[in-house]
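Below you'll find the structures, each written out as structure tokens.
There are two complexes below, and they share chain A, which is joined by chain B in the first and by chain C in the second.
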Partner chain A sequence: MRKFMPADELARDERFSQTTQRDRMADARTTVVLNGDQNRRSNNRLTPERNDASEAARALMHGIFVGEIQALEGAGRTCWDFTTGEEAPFALKLDMARQAWDEARHVEISCKLGDWMGAEIGQYVENTVLFEAACSNDPVLRLAGVNRALEGLAIDVFTTMKEFGEIAGDPYLEFCEDWMLADEVTHVKMGSDWLRKVTENDPERRKKALEFQNIVDKMFSYGGSRSESDESSLGIARRFRELAGFTDSEVDYVAEVSMQALNERKAQIAERQAAAAANK
Partner chain B sequence: MANASKARAPFAPWDRREIAGAFSVEETARRAGHYKWTEMKLFEALGGWIATVPELDVKMRLGTHCYKHAWHAELWHKRLPELREMNPDRLTLPANDAMVRFIDAMTEPESPDQTIEKLVGVYRVLIPRFIAAYTYHMNNTSEITDMPTIRTIKFILQDEFDDLRDGEMLLQSLIDSPEEAERAAAHQARLEKIMVEAGGITGPGSIGFN
Partner chain C sequence: MAITVSPGTFDFVSFDAAYIERIAGIVAGQLGVTDIDFSVEIDETSALNRISTDASVTPVRIMVHSGAFEDKRRPRQQSEIDTTVSLARCMLRARDRLRGGFASAPTDTELTLAQAAAWDTYIMARLSRIDIPVNKQAWHYNWRNRHGFNDHSDAAFERMWQAESLDWDQLSSASDAARSVSA
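Moving on, here comes the complex of A and B:
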């Protein structure tokens, strides 16, 4: 088995179909709705009051499910891709193996939850962006991208989903999300600790890792689907991020890039709508 | 109530543990180093394979088993300094060259249509060898001086038996034609030959026979 595996070779059964982040963002149909569009809603946050709440929750759950598969694959590849000692410390690889087990349980949980919510495996397309962030050939960059950015996003997603379960009166959903949230906080903390430890005497490498994390954070802002604005379906879970080792300024940064991504997306949509109107 | 000051035998009548054991401290450390090396190779391979298998249930099992073997490697890593080996990496070694070739051959299958080969190597060749080597060690070491090793092996063996059952059931569910049965047997025979040459996880003498 070779070292380093490209995202387009992830093995899947016949139910799955995949897309890349680039293709998804190039799709003119968008999930972000402009406030001025009164025919639709003005608040995109995932709440039970939304007319499309069930469908949106199912889609998000499926997104969580495929995201967990990729997180499982990414943690597993970190165990394999790097030589113990020379490229990655033994203890770091033990942590990644532990994370693989946690992610395997998350896949199991999200399978059960998807079924509970009425979704089927493969009902929605799988975006491979999460595994793409797990493909760096530097283990520190991989930790920054996966454990800090990706798992940080997972904290935001699970917090939103847990609140949704709570408000909707679904204790099964709330219970499961709460458990997954506990694991994700652990994974982010793991990433924060290893990043600090491995780059202790290598400021250049740390800088590079943090830059990579910022890039991934922007990618994961999903064209504005996560931000502190109600126009985004997902919020930013400040409290849990702090528990996981993010500093206030780091959380502020995530909030800022997410808002930028939302504004860029809104501008894009407005531009396309204007162009469509001009062509009528 | 019995008289508290009455002399009692240090070993109760039901405690038949013996002090004699087959292994010196050095030999125990050597074996522990080989166990750690092989458990490491196994957890790394299981982790790497997760992304290469299309079957969702197998994917999740590999993730679970990956951690168990990482934990076993950690247990041996912690045991080594207790056996006077203050640099655990020094003894974290394969038993011999044949063992290296075995791991290379076991980790060779990569493509998504080779799940059977991947599972055969682990669950029909390597894990049975682990169970044999650990059982031999547990049954032959001193039950008093080396109790920490026995305790470690008992924890590990529980996992090995559980994983063997998981892996065998996955294989039985995947092998559903005579051709696939032959594929599985051929791969098993190929790996088994290398393992025979290696003499087991700790080399010749892994289960007492040289």
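Moving on, here comes the complex of A and C:
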């Protein structure tokens, strides 16, 4: 079986269509307020109060569904891509196997929640950026990218969805997201623990892994879709991140790069929209 | 009947104004509103999935953010189905306002979330009966988000879905009654 599967060769049937983060960022349209435009909402946080709450929640649920597939693929590949003992300890692989089992369950749960919300498999495009972060050829970087950054994002997403279900009074959504959230906290914790353990006597490698994690964290802010600003759909779940082993300064860092990503995206969109207006 | 589409060309999305106009003409024929003039105004700088209608002016204004016409599988590309459904929703809402007993309804921006969901349910159910593709479960979920996740709310949704002829007072009363149980 092939090792180090590239993101563009992931197995999908004809229902799925995929895009890359580069394509997504090339979209100069916006969902946020620019130049005080009152026609746009100033608050993008995903709550039931939004006019388009049902559609937005459905789209996010589909994003969770494909994200879980990619997380399953990432954890599964870690079990296979690295030689046991030499490149990755057996116990680390065992944790990744357990994570793959969890992610498979999450895929099923998300699929059923999608049905409940009226979504169809493949109704929305799949962004393969999550798996791209799981393609590193160093298992420690893989852990930093997948278990710390990707699963950290999952904590933020599940917290938002759990709160959405709670406010809307949707018992299934609230319950399922709460259970999946508990798993994600465990996955981040596993990443944090293994990162420390494997790099115990290799500070240079640890530094490299944390740098990689920072890059991925900014990438996963999706141009500001996640930040502590109300202009972002997703918030940062500080409490659950703490439970997962993030230090205060690490959470502050995620908040900072997310805000940076939001501001950069807004500036980029404003520039492109001004250029288009000038050409009219 | 006159239908105008603006802008005529698009910079942010790959939409086709002439194609939108053709679809609007077909939908108007299906809904029996060929005697009404429409102006379809697309905000291509917004990716939101938002539509609204102003039936108090001539031509009736249909205001669309580009996400409402977009193929969600192929970002920035136009979807024939989404264009059809979004235009049909707006045109049927305009027809309700102009001659369907909804003259006293608040403007689109003044509708409560529950009223908007109830009206959308009534609209989408009628569209499904003229073979416009509608995902009933998605509209049921929207109803539940606004009227509660319980059996009483589900029964009210079914009655709304089956309704053939309602006016604004009947629709808003049904919505209020469904919400009162959840509250």
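Everything below uses one rule, namely that the second predicted complex is superposed on the first by the 274 of 280 C-alpha atoms of A that agree within 3 Å, B and C clash if a C-alpha of one lies under 4 Å from a C-alpha of the other, contacts with A are read in each partner's own complex, and residues count from 1 in each chain.
Methods note: contacts are C-beta pairs under 8 Å (C-beta built on N, C-alpha and C of every residue); 3 or more make two chains touch, one makes a residue touch a chain.
Note that the structure is a prediction, hence the values are computed from the model and not measured.
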{"item": "Partners on chain A (chain B, chain C) - clash or fit", "value": "fit"}
{"item": "Which of chain B and chain C A:S17 touches, first, second, both or neither", "value": "second"}
{"item": "Partner chain(s) touched by A:G76 [first = chain B, second = chain C, both, neither]", "value": "first"}
{"item": "First (chain B), second (chain C), both or neither touched by A:A278", "value": "neither"}
{"item": "Degrees between the directions from chain A toward chain B and toward chain C, using C-alpha centres, nearest 10", "value": "120"}
{"item": "Touched partner set for A:G122, first chain B, second chain C, both or neither", "value": "second"}
{"item": "Smallest separation in angstrom, by C-alpha atoms, between chain B and chain C in the superposition", "value": "18"}
{"item": "Chain A positions touched by chain B in one structure and by chain C in the second", "value": "none"}
{"item": "In the complex with chain A, residue positions of chain B that touch it", "value": "40, 43-56, 59-64, 66-71, 73-74, 77, 89, 107-110, 112"}
{"item": "List of chain A residues in touch with chain B within their complex", "value": "1-2, 5, 9-13, 69, 72-73, 75-81, 84-85, 90, 93-94, 96-98, 100-101, 103-105, 107-108, 111, 121, 131"}
{"item": "Chain C - residues contacting chain A, complex", "value": "11-13, 43-50, 66, 72-76, 113, 116, 135-142, 144-145, 148-149, 182"}
{"item": "Parts of chain A lying in touch with chain C, wherever the complex brings them together", "value": "17, 19, 23-24, 27-31, 39-40, 48-49, 51-55, 57-59, 115-120, 122-125, 168-171, 273, 276, 279-280"}
